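The two complexes that follow have subunit A in common; it is paired with subunit B in the first and with subunit C in the second.
The block that comes next holds the complex of A and B.
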């Protein structure tokens, strides 16, 4: 894992000390709220509906047992004993007190973590495939790239006050687990015909009010050109991106309004100028970073005995993926227990996950954008014991990729921007489909829920997307269908009029029944049926009265 | 004809813990909506806004919001957002806020 250098360490400590002073000056009244607010946001501190919220980056989703344990400690000492993992590979604490936040940041710095770049119009926490370094289909580990971008972007003077926030995601695999097409910049590690490493570069993706998929701006960018090229994209955006309207300020709008060909021309010419300024130091830095992401020392190969216990087998089927070493596995720990809040973990659960990583899994954990926790390097001989301990901790729900593995943003239970709740909708859907056998029969299905148009719950790329709105003072839920966040990405289409809070779960049930009625064989997934048949059968299920009327006409 | 005035109260968040607070007729802040000073006309609302804004180092994000009035003449949330602010997160009842004074 990446270890802080002396520079990193000093930098993070300085920021904590600086923020401590700022909090003191706010508390004694020498800073006004208007002065203080941008300062606290730069350190990840938001004011939500009922309390402050501290958002902490887990860079590219990677952490070790000690760091996870520190989250547990922070949750117990200064918060209410739990944390919430988000779709941006962050963790949020929902109840910090203002005067305690500097101590919380100090405790984070003790384990080489911080809360910078989790807010504001800067380059945000760079995210990466949560199976990095373990996936069977990976060309190269995307995390060194993410770390390089992090070092380059942290406090970058030119890009600290962008027109709007800026999100970058990286994957090293063909199969896109990092939703790179929904990011301002998406990077995919590829090789050219001669096997040289480089990137496919996408630009202009994003969800929110105007969802768009990223477009390829460069098919092959040699690896050593990454920073001058990404910097060129940011420069073009910074220079000609709109600042007159917050809702039109993301780079996706610029790409859309200017056209990808013109953007490419501008970026390429800026890139040529940049090249001269980059003297190769970035490559030396990259090589050092890459060395720190070397794979753990894997155990020697042995024969794996198949599991006999039925519960264990079912869990292995859904929550365990193949590892690039055949006698290893990737374990996804579901934070989607039936009826639970998606992405929440108690401090006890955090400590158990930390212990499992330390004892059995080369001391590595990951946070996925789907709000689950991953043990990326697990020798298969430990699976049974890991399952047993997870089960005792209420963490063995065998539902990864199934209907109850729902993404839900905090919504109006916490978020000040929300127009409706999202968590209770997820909880109710999960309870409705509690039976795991029924879930397995339904098969792969991604439901994603956002509590407002900002789309933190990625609803546009859910097979079934749900968006909570305020319609004349009442919660109302709009459904989108056919979204997909993988390499076959698509933006979901709106199904029709929204549903009231107590109608939304039955509506989802009708959608799933329609799917089961129309699938040609058991293996045809919800998304495949939608792509084969289009929205008609699903709309008919959602709006039976309209269907009856048109049949009568 | 002038639009019928909806009763309003002033609310905000405590600077220290972020908790929801309501401005009272005693020119203090309370955690209970039932204590809130209710403005029933345009002029009263202006006074309320002015008085409630005098605590910039204790209370943040102060705003006026419409309320309903219960049988005992106390303010009650008129919109579901204010209802959630009053009650705390609905997904974790154990972290709910006390709505009434114990």
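The block that comes next holds the complex of A and C.
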């Protein structure tokens, strides 16, 4: 794992001191609320519906036990004993007081963490595949690239006052677990024909009210040119991206309105000009970053005895993935307990997960964009003990990738932007399908719920997406179908008129019944059926009255 | 009267009595001075359009219509990359927290409206010592 250098340490400490000063200047009136707002946002501090909210970065989703314990400490000392893991590998605390925030940031700095650039119109926390360094299909670990981008983008003098937020995601595998096509810049580690390392660069993806998939701007970018190239993209965006309308200010709109070919031309010419000033990162610095992500010292190979206990077997089937070392496994801890708030963990649960990482799993944890926690390097001989302890802590729900493993934004229970509740909808769906055997029969299914058009719950890329809106003061839920956030990405299509709060869960049930009726065999997934048959059978299930009317006509 | 901020502190505007020409002056056909030529730079114009005259220009005044509009930071970078060596001024209601970034992208000074300056005393404009990741990664 990456360890802070003296430079990082000094930087983060100074940043805390600077923010402490900004809070004081706000309180004595030398900063207006308008002026203070972007400064607090750049340090992760939002104003929510009921209170401030502090969003802390878990860069590329990687952390160790000590850092997870510090989250527990912060939750107990300054918040209400729990935290919420987000779809961007952050953790949010929902009840901090403004005057406590500098101390909370200081406590983060004590464990080499920060809340910089988790909000505001700047380059946000860089995200990466949560299976990095452990996945069986990995070409190269994306985290050194993500760390390099984290450093480069931190307090970047040119790109801290952009037209809108800017999100970068990196994957090093064929199978895209980082949703790179839904980011302002998506990077995929690739090799050219001679085996030289580099990147495929995508630009202009994003969800929100105008969902778009990223387009390839450069098929192969040599590794050493990453920073000047990304800098050129940002410079073009900063200069000619729209600023007249907040909802048209993301780079996806610029790419859409300008055309990818013209954007490519502009980026390439800017890139060539800028090379004279900055021709890329000092490769020795990059080598040091790469070295810090070396794999842990794995145990010698041994034969694995298969699990006998039925509960354990079921949990292994759903929550445990193969590791690149056959005697190791990747464990996903579900933060989607039946009827719980997706992504929430109590301070006790955090301490238990930290202890498991420290005792059994090379002291490493990950946060996934699907709002779960991962132990990436687990010797298989410890699986039974880990399962037992998770079960005692209420963390052994065996539902990863299934119908109750729902992504949901905080919605109207917390968020000032939300137009509808998301968490209770997720809870009701999860209670409706509480029976794990029934969930396993339904198979892989991604339900994603957003409580407003900003789409923090990624509903556009859910196999079933749910968007909560406000229709004349009443919550109304629209359904999109067929979305996909992986390497076969697609934006879900709207199924038709929305549903009331008490109708949405039965509507989801009808969709799933329709899927079960139409699948050709047990292994055909919901998404596969949708792609084979199109929306018709699902619309018929959603709107039986309309179906009956058209049959009668 | 506007206030000028530099790394050395608050100063009077030594350009106050001189002309700042509009961006399009080079296409206007009017006589231009050999010395002390200064140009307005609205932040939706292209730096490339000034390239033929960059050697002659003594000051470029980049407009910041609001502190939240960061186009000026990229414009300064571009102008320096294109070889502009003269004085570069950021003009508008920026906040003191942006001073460090302004200097790092190549601005020499900030021209601040009086009303904004009144709320932000000189000590706020002293640039806090902070490392630069960008410099560190490049060297």
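We adopt the following convention: the second predicted complex is superposed on the first by the 540 of 553 C-alpha atoms of A that agree within 3 Å, B and C clash if a C-alpha of one lies under 4 Å from a C-alpha of the other, contacts with A are read in each partner's own complex, and residues count from 1 in each chain.
Definition applied: contacts are C-beta pairs under 8 Å (C-beta built on N, C-alpha and C of every residue); 3 or more make two chains touch, one makes a residue touch a chain.
Predicted, not measured: the structure shown is a model, and the values here were computed from it.
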| item | value |
| --- | --- |
| Which of subunit B and subunit C A:281 touches, first, second, both or neither | second |
| Broader residue contact with subunit A after superposition on the shared chain, subunit B or subunit C | C |
| Contacts of A:309 with subunit B and subunit C, given as first, second, both or neither | neither |
| Touched partner set for A:421, first subunit B, second subunit C, both or neither | first |
| Partner chain(s) touched by A:157 [first = subunit B, second = subunit C, both, neither] | second |
| Partner chain in contact with A:192 - subunit B first, subunit C second, else both or neither | neither |
| Touching partner for A:359 - first (subunit B), second (subunit C), both, neither | neither |
| Partner chain(s) touched by A:341 [first = subunit B, second = subunit C, both, neither] | first |
| Set intersection of subunit A contacts, subunit C complex versus subunit B complex | 29, 32 |
| Subunit A residues within the subunit B interface of the complex | 26-27, 29, 32-33, 47-52, 80, 94-95, 97-99, 341, 412-414, 418, 421, 423-424, 427, 470, 473-475 |
| Subunit C-touching residues of subunit A, taken from the complex the two chains share | 7, 10-11, 14-15, 17-18, 22, 25, 29-32, 35, 38-39, 121, 148, 151-152, 154-163, 227, 235, 238-239, 243, 273-274, 276-278, 281-282, 285 |
| Contact set on subunit B toward subunit A in their complex | 13, 15-20, 56-57, 60-61, 78-81, 84-85, 88-92, 95, 97 |
| Residue ranges of subunit C touching subunit A (in the complex, touch as defined) | 67-71, 73-75, 77-78, 81-82, 95, 97-98, 100-102, 104-105, 119-121, 124, 128-134, 136-139 |
